[in-house]
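What follows is a set of structures to go through.
You will see two complexes here that share chain A, one where it goes with chain B and one where it goes with chain C.
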Partner chain A sequence: MARITRRGFAATAAVATGAAVTGFPYVVRAAEEAAILGLWDFTGAYADVGPLMDVGAQVALEQVDYRAGDVKLRYVTRDGETKAGAATRRAEEAIASEKVGYIIGPWSSGVGLAVSEVAKNNKVMHWFSGGTEDISGKRCHRYGFQWAANPWTAMDAVLYAFRQQNANARRLYLFVADYAFGWSLEKYVGNLAPKYGMEVIGADRHPLGQREFSSYILKAAAKNPDAVFMINFGLDAVSAARQLHSFGLIPKVPLIMSWSAGVEELIQLAPEIRSNVIVGTNYYYTADNPVSKAFVEAYRKKDKQGNPPGYAPAAAYSLAHMTIEAIKRAGTANVQKAIQSIEGAEVEGLVGTIKVQASNHQSIRPYFVLKTKTPKESQGPLDFGTIIHTSSTPQPKELNECADIGKL
Partner chain B sequence: MRRDRYSFLLLAVLAIVAPLVLRPVIAAEILIFAIVAVANNIILGYTGLLSFGQATFFGVGAYISGLMIVHWDAPLWLILPTAVAANVLLAGVIGYLCVQRIGLYFIMLTFAFNQMFYFIAYSWTTLTGGEDGLPGVQRPEWLRDDLAFYTFVAVLALICLALMKRIVDSPWGRLFQAVRDNPDRAAATGHNVRLIKLTSFVVAGAFTGFAGAVYALLYGIVPVDAIYWLRSGDIVFMTLIGGSGNFFGPVIGAVFFIWLSETVSLFWNRWPMILGIVFALVVLFLRGGIVEVLARIAGVMRRRRDAG
Partner chain C sequence: MTFLIVSQIINGVVTGMLYALMGVGLTLILGVLNIPNFAHGVLYAFGAYFMLAVTQLIGGFWLGVLIAPFGVVALGMLIEYFGVRQLYAAHHDYQLLFLFAVALILQEAIILIWGPVGTSILPPEHLAGAVNLGVTIYPKYRLAVMVITAAIVIALWLFLTRTNVGAIVRAGIENRGMVEVLGIDVQKVFLLTFGIGAWLAGIAGSLATPIMGLTPSMGFDILPITFVVVVIAGLGSVVGAILAGILIGLAQSLTTIWFPEAAQVVIYLLMGLTIILRPQGLFGKR
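== the complex of A and B ==
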């Protein structure tokens, strides 16, 4: 057995101490890892957007080579099923088995709010993009963040832009998806329209998933509106637009697709249907900033048809981007420090400058309004429109229902 | 009787082991759905009635529990009996109307009531939160820890299963099977067939509502899909896949359904196809569900042992 001499022991101790002071902490830092959960809907009502969102998030992570500063990033996904019960269970499971500290998604507001409760209970950072005001409103908490523009900001931007384009328009007729978020937007439009010299002359609420709009269209036509203002989404909006065109109401009368329409919807409308449409959206792929340009280029390479990204993959990209930014600024995978680092911060992101309000975790970021192009103006099948206005005007403080963001 | 005791003992052992291999909240969810599936089997397996509306009672139980906690911070000893009482009443009314018809019409009535209550929950946003769900359902202080909550659910689940077993083995419970096997003969022997069906429906509704009330505490929110018809479909799936001919079959069905969806979804995005294929195979070749598979395996082993 080799003897340990005093000199040998002292030398070993010195080397070990040196390593501990210099090298070893580096090893520990380098090994620090943050697990991000992409909770996307691969099945259920939004199964069509889940895979696109997954691609969007992957692009953001690949651009930084799965690192946020010294922190290594591990990306895992789960199927949210567009069901709150399943999504919460999967989130719980991933937090336990994958040591997830950060959640991005899902797509549905109702499911997102349920996941937000899980995030709060497990002290996990959660970035969400969707219609509900409650994430940064009455259900706000320190672990939940909203990337989409506030609905008040969105309606204000759309009404302003529409008025700029149609100086003589006065009378708006509304089609409203009949659920809490639709009512909320309807209320904002009713309140904001007089600010721009307009009025709501009628509103029809229809169930989600409505495909037959003829009765609503006849009522709208009888009122002789200056524009049809739609507060509905996805296939509801697409179906309504097609039927409005069949009845001859549009493009004679302008159509407004107010909330988060974009590539996904416009690609489903024939050019003659979308020739006189004002579109409000959280993202459009021609946004003129370096982050967006890099994202569009990377996304089109990944997309099988080479299509540009719509709102869903853009939202997923940006949720991942904001999460990475928070970890990078914190310099650690520690969730609480990452939250503190992003609260009140300004980030150069996908849509331009994004400021994260510390008081309610609402992102103050540009909301885009497009004017669609006529078939003659369009320079290709994916050239849908021109960005005519962006607005970051925040929701007035008195309208925000986040009384107390709470503690970490 | 002795076999039932062993089955309960085995169930108790598995309930103790479960939180060692699963996250406690997921193990608790499995047990909650085990109660629901066994309750559904009282009407499906024991009485021969297929209900596509059990989510009505599950959702109503969950909303009652959630609302009582959010608005009044009510204690559990008040919440759980209230949820049961409300569902007895509700199942009494819905059941009374549904048992007036048989077969397809019975099924469609249960489905229609489910949809009606879903749209009430969806539209009455000031009460239920609508699509966004009802949040802020805080567990009492002594159940905040997930393991404590799981233990609470496990004890309740075992009590519920024992009660349901007692009911189906009682003379009254035997009448459920008599109605299932031959309603005309049951009527000829002087029994009120509709009343028996109704009581079966009410028992199932009460236990399902109870499970819903506990479910509200699980993640601190009552999502609107708790009352959606797809939830009713899941409950039927759990019952059939486990085996509706056996009291414990639906427990196995609940475990299998949640385990399969959790496991397969990790590897394949289109995992519901697997569930569909499994369901089709069970209906075509294994009418007794997983219990039948286990019985066949046991039979083969017994024959080999006897031959050896």
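== the complex of A and C ==
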């Protein structure tokens, strides 16, 4: 067998060095791959939105042909089951078996926080969109990012817009989903209402997954409020709105759906039910910017009913979009470099300009407030309302609980 | 406060009647066939979606309420004839797994046919809005549902107590072996009972549409409460199911006044207490 001579080794090393300095790195970089995990709820309480979120993420990836600059993107999905145990187990499995470096999702705040811990422990970048302020608050870390508006920003925007539309309204009655997300929003509504000349005259916390609201409505009606302010989400919000209408409370008094999925909730309500509603949402499909327009067009082609996207698919699209942007800016699949590249950056996204705060990884982005249309005003079955206000006012620094974002 | 308590009692009775309607169907099937029908919730959902289909294709709210439950009867009988019947001799685990699988498959079928996003049906024009009862305002439609439900329950009670077929069904609940010994085709009794149970789930689903709306998961939402009704009532007890339904409705409504966070937990607390203090249920014999 021929032995490697010193001269032969030197020649090989010289060729290798030359290749590395010139064209070869391009070949190496081109072969670099980043695996993104879409952790969606295909079963469980949010099984209805999981498939829509998957479609949203797919649109973002297809728009860039599964490439972020020179990095090839591989998209894998797992079912989070809307359960912290299942979602964290699946995330761990995907990190180990699929070499996942980036996680997007899931949908539930409680599950999202559990997945955030997995991301931190495994040094995986995690983009999440949800109502919990803890992702960019007391449980912040360098690997976790929040796309949704901060709850303070959202409640401030909704109360301001409601006041503009209802100058004489003073007394708010709250329906609050009884978990971390609901409590933090309730706290902010209580604090911010006086700023706009309003007061909270009563608040009932209801269990997550509540479908029968009649007893809560009777209590609210007995207090004669100027508006019912709902801090709940999905089917809870839809059920409550439907039953408020059957009791004749709305549209006589306005309803506020303060943190709504938008299209996915409004489409479930008959036009008569949603004729006097103020809707706060992280996304509405008439947002006037090129990214949103392209997304809406692509999404409607994929949706079986041709419906426009609501908050859920829009969030999934944006989580993927922000991840792609981070990898592209870093020019590598290296997770730490991708994180550094997006910290403090401004990105033109689905809702307009999104600034990622380096100090707590909270996205500073517009929150939308709609006024719904009456059946007479509506131009068609998908014409739910008009955007009357957007706000990007960040949460005051003293209220943010992210003491130290930590190290990579 | 007195007004609020009275209004919550009215509301509890009305809501409880809907639970009772579901509970009666489930307890009949459980009593006669000795099978906990995990597909009962999805039959309720099909009642609602068949109602939607009828109102969209033919039009007319009450026509939907009339026709939709019979679609559910057909579906229920198919499940019994081609599925459950093959498993009577098998271990309970197989029956449970089969019915759970049927429930999941049928829920997916709803998504495939009607899509994953829910929808609403408004009550008919003459029952829209609320009426002032003196102590509170209350939706006309909910009051109408209470009256209809009461009528259905009375009709069912008459059927079970005043007809020969009803007597056979009751005998099946008491002692299935004896019914077989008397030469009665027990398979037909099972099929009929499953059909009646399915009809009750179907009518509950169609009547509930303006109150609860329609979502593919609505069957799984109502199922736990239905089982609580049956456990509190006791196996096979129709009267017990009605009273248990009303008891649960009242407990939920009244809890909301003082401790709204616990409005859902309280029904499971009642179930737990029943199991500890009277394992056979309030009206059960076995």
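The rule we apply is simple: the second predicted complex is superposed on the first by the 386 of 408 C-alpha atoms of A that agree within 3 Å, B and C clash if a C-alpha of one lies under 4 Å from a C-alpha of the other, contacts with A are read in each partner's own complex, and residues count from 1 in each chain.
Convention: contacts are C-beta pairs under 8 Å (C-beta built on N, C-alpha and C of every residue); 3 or more make two chains touch, one makes a residue touch a chain.
Everything numeric in this text was worked out from a predicted model, so none of it was measured.
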Please indicate which partner A:Ile201 is in contact with in the superposed arrangement: first for chain B, second for chain C, both, or neither.
-> neither
May I ask you to decide whether A:Ile364 touches chain B, chain C, both, or neither, giving the answer as first, second, both or neither?
-> neither
Examine A:Ala180 and indicate which partner it touches, taking first as chain B and second as chain C; both and neither are also allowed.
-> first
Identify the partner contact of A:Leu382: answer first if only chain B is touched, second if only chain C is, both if each is, neither if none is.
-> neither
For A:Pro51, decide between first (touching chain B), second (touching chain C), both and neither.
-> both
Should A:Glu117 be classified as contacting the first partner (chain B), the second (chain C), both, or neither?
-> first
In the superposed arrangement, does A:Glu92 touch chain B (first), chain C (second), both or neither?
-> first
Interface residues of chain A shared between complexes with chain B and chain C | 51, 178
Could you please specify the touching residues of chain C with respect to chain A in the complex?
-> 3-4, 7-8, 11-12, 14-15, 115-123, 129-130, 136-139, 141-142, 210-213, 215-218, 221-222, 252-253, 255-257, 260-261, 263-265
So, in the complex, the side of chain B touching chain A is made of residues 23, 25-26, 29, 122-123, 125, 129-133, 135, 219-221, 223-226, 230-231, 258, 261-262, 265-266, 269-272
Give every residue of chain A touching chain B within the complex, in rising order.
-> 42-43, 50-51, 78-79, 83-86, 88-90, 92-93, 96-97, 109-111, 113-114, 117-118, 121, 132, 134, 139, 178-181, 183
Inside the complex, what are the residues of chain A that reach chain C?
-> 47-48, 51-52, 178, 204-207, 209-212, 214-216, 218-219, 221-222, 235, 238-239, 242-243, 246-248, 264, 267-270, 272-273, 304-305, 307
